[in-house]
């Protein structure tokens, strides 16, 4: 019964992990940008939902479109006016630039909203159903389902729409895409914007189950790194499977080793995978 | 054109360098005479923000009260108190840096301690290096006082004994609890508290079914709590800070399980705990370092109740221990300054080592060689009907201890 | 022509000696605040110089190099806690870091580009968590060291000032010899074209490993000194990825692969960082972050490169054009 509860816990949180990581994986796979601001984007999504709930009593699930929209625009602008200028200089430059940007955002959040921990507590928080001794909170299930829906929608978008296919084209062959006439700069902007929007949605969902503060953006980034390596670069399936896998691994590690090593396990897996199977479960090899 | 630009940028470069040089000299301004600068790095934001802000109010009360009376006396002369607060964002590294800034740049005369042992152990390393005395009102992890630091003084009694009264209370109930689960946030203070209660429980023959440290900045403990639930302990004692207790309380409810006896080291100490969790807060116990109902008196301020009323008037709410211990630290420092007759750190230190305070608003204070308050003691509070009630010691109690805790579904 | 070069060389040496003397006399005439600042700057300079050994010359970016800083700090703290004297402690710490790289170097150095960078980051983060959970490291409580006891606080400062300075000088010298010797040649070949280097018979795994091990040694050494200086360390403080990013930026800003570049980068960044922190406590991260963003966009090849281009505005814009998609 404890094992069942552990599985359920890991599964449910894995969905969220997947949604957090999917945008990160997309941007890295398509534009070769390692976006260290990703954690901050998730936080922004969470804050937007929090303030809408606090000030206007808008249910956090309903505020998701709004946070996605705001993050979409933010991501678009960042790519257009900052990242597009360093993309060709190499992936390390993008890494360091986004690192600097993340610090700026973090600081502004602290100044604007203080470092207090926030959480969204709706009236239905804490209630759930119990099956065979395993308790399953309603919110966690809703979050899990929504997270998966978003990932699947993203996949459909990438495979069935013109823009989506242009984005995918860039993953495979940048020069070829250019020759065919695709405006790479614009595609990067859209990709980054989508990635940010996904992060925003994830943030809104997270605000309902966890507390957060401007200082807590880093774990989201860590999960993203581990999941990208586990699941494979640029693959949505990879992000979903990787996310759920990470959730389960963390859950079981608490059972076996105790709560202290929860985070360490993720990184150990990351290193092992990099040594043994760098393309992850479903991904393409990294661009060098 | 290119040359001109180069010359201009060279000049600009030199201007920048010289300018920076002068900017660095800036803060050596001396205090206006007859003023004592006291610096404190406090957690005004971040994980410990509620506790930290309370401490700041406690210090401010003392400074304003004494300034209203003309200041504090040092060597026969009266000085106004000027408090300099910095926000350490609940981060020990930042707190250490701020302490160094206070000492070397702001050139403060005296230091008052931060909130929490985790922060204090970092700032104390700095103040020891500079040989500045630090009175720590709210940092009582035993670890700090066995390192051989000579300049730290704790107002609170040591952490390892914090939860002992709670255990005693629970063991008096029937049926007598036999299984204990103890968890601690992985940081200086909680570890000492948890280890203290673990050892105490062992000495009394209570079975320890689970003992783990969880990451200090975690946002999810559901897996760990699921394991604890499966072991079905009678008692769950947690050592951590406010945010941890909120998280655990919530996730216990998610799990649909509660132990018969539930204790947190901090949580219920803050009024926000009951306000935020409402019905779900009832039954939780916490360590009480101070409560306005206790019969303490201070020669300068009056009784604990009078102090509470003054604080209510000033800040709009009744004080809790973070305020009281902060104010008490200020008063203690004041006393030490009077005894020492100077602002010299060594003299202040000697004065503190000799001091014997029989009355203060937080009770008796006397330090051993390592800075521990050997005359201090703790009480126990429990949330009942959304209120903080003192349930121990008996002579101070204003309610009876309720056991077992009411299950979630019946609330 | 030869004479001009000779004169230039002599000028350079004289300048260096001047600066050395200046730095030597500095701590006796400046306030504690400045001395502390310089200790910080020297420390970061050492970190940048050592990581430069691998990053600048071979082109491998070890984002997780801060793990050695932390290891050195903890090993020194633990050993000193058991009574082992300071100098032995830091040397043992540095040696263990050196050996550690040799142990894990093989599989990890096989990865290229950002595989390697992320793997090192994973090692560092994993180590941070593991250290927080062990008892011998004090776990979440951190470790305290018995402070160096000298007659006055100022004496303690002078001790650390000159110690850091000495280690910095040694690190610069080692870098100088690397750049002039076979190791430097091999590393540069690897940076330019690793496959090509292998094909002409250069033992690439060996040279990469030595470079990384050397960087680990000096980073670990500095970590040990840091621990003694601070007298209290905890896991998140010494395994902080921000430290790693900082010294990598210093290498970039100063000029990767040069002998003095990282030094300049460290001086510049740390100086500004401290200044900004003191005066703009609340906004310092914003300012720092913005500086980083601007540097990356306009000056990714560093100061030394900028100096070579004679500080022209055109060169800055050139960078922007080069990087733009």
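Per-chain numbering from 1; labels A, B and C assigned in written order.
Note that a contact is a pair of C-beta atoms (placed from the backbone, for glycine too) under 8 Å apart; a residue touches a chain by one contact, two chains touch by 3 or more.
What you see is a predicted model, and the numbers here were worked out from it, not measured in a lab.
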item	value
Contact pairs, highest-scoring chain pair	A-C
Far-end chain from subunit A, centres as C-alpha averages	B
Whole-Å gap separating subunit A and subunit B, where each centre is the average of the chain's CA atoms	36
Averaged-CA centre spacing for the pair subunit C and subunit A, given as whole angstrom	32
Shared-contact residues (touching 2 or more other chains) in subunit A	260, 263
Touching two or more other chains - residues of subunit B	186, 213, 215
Contacts with 2+ other chains: residues of subunit C	132-133
Footprint of subunit C on subunit A - complex, ascending	34, 82, 84-89, 91-93, 95-97, 99-108, 111, 184-185, 188, 222, 225, 229, 260-261, 263-264, 267-268, 270-271, 274-275, 278, 286, 288
Complex contacts: residues of subunit B adjacent to subunit C	2, 5-6, 9-10, 20, 23-24, 26-28, 86, 92-93, 96-97, 100-101, 104-105, 118, 121-122, 124-125, 128-131, 141, 143, 147-148, 185-188, 191, 213, 215-216
Complex contact set, residues of subunit C against subunit B	31-34, 36, 132-133, 139-142, 144, 146-147, 153, 156, 230-232, 234, 236-237, 240, 271, 275, 277-279, 281, 310-313
List of subunit B residues in touch with subunit A within their complex	45-47, 49, 89-91, 186, 212-215, 217-224, 226-227, 229-230, 243, 246-247, 250, 253-257, 276, 280
Contacting residues of subunit A [partner subunit B, same complex]	1-2, 5-6, 9-10, 13, 110, 114-117, 121, 125-126, 128, 130, 135, 137, 140, 209-213, 215-216, 219, 250-251, 254-255, 258-260, 262-263
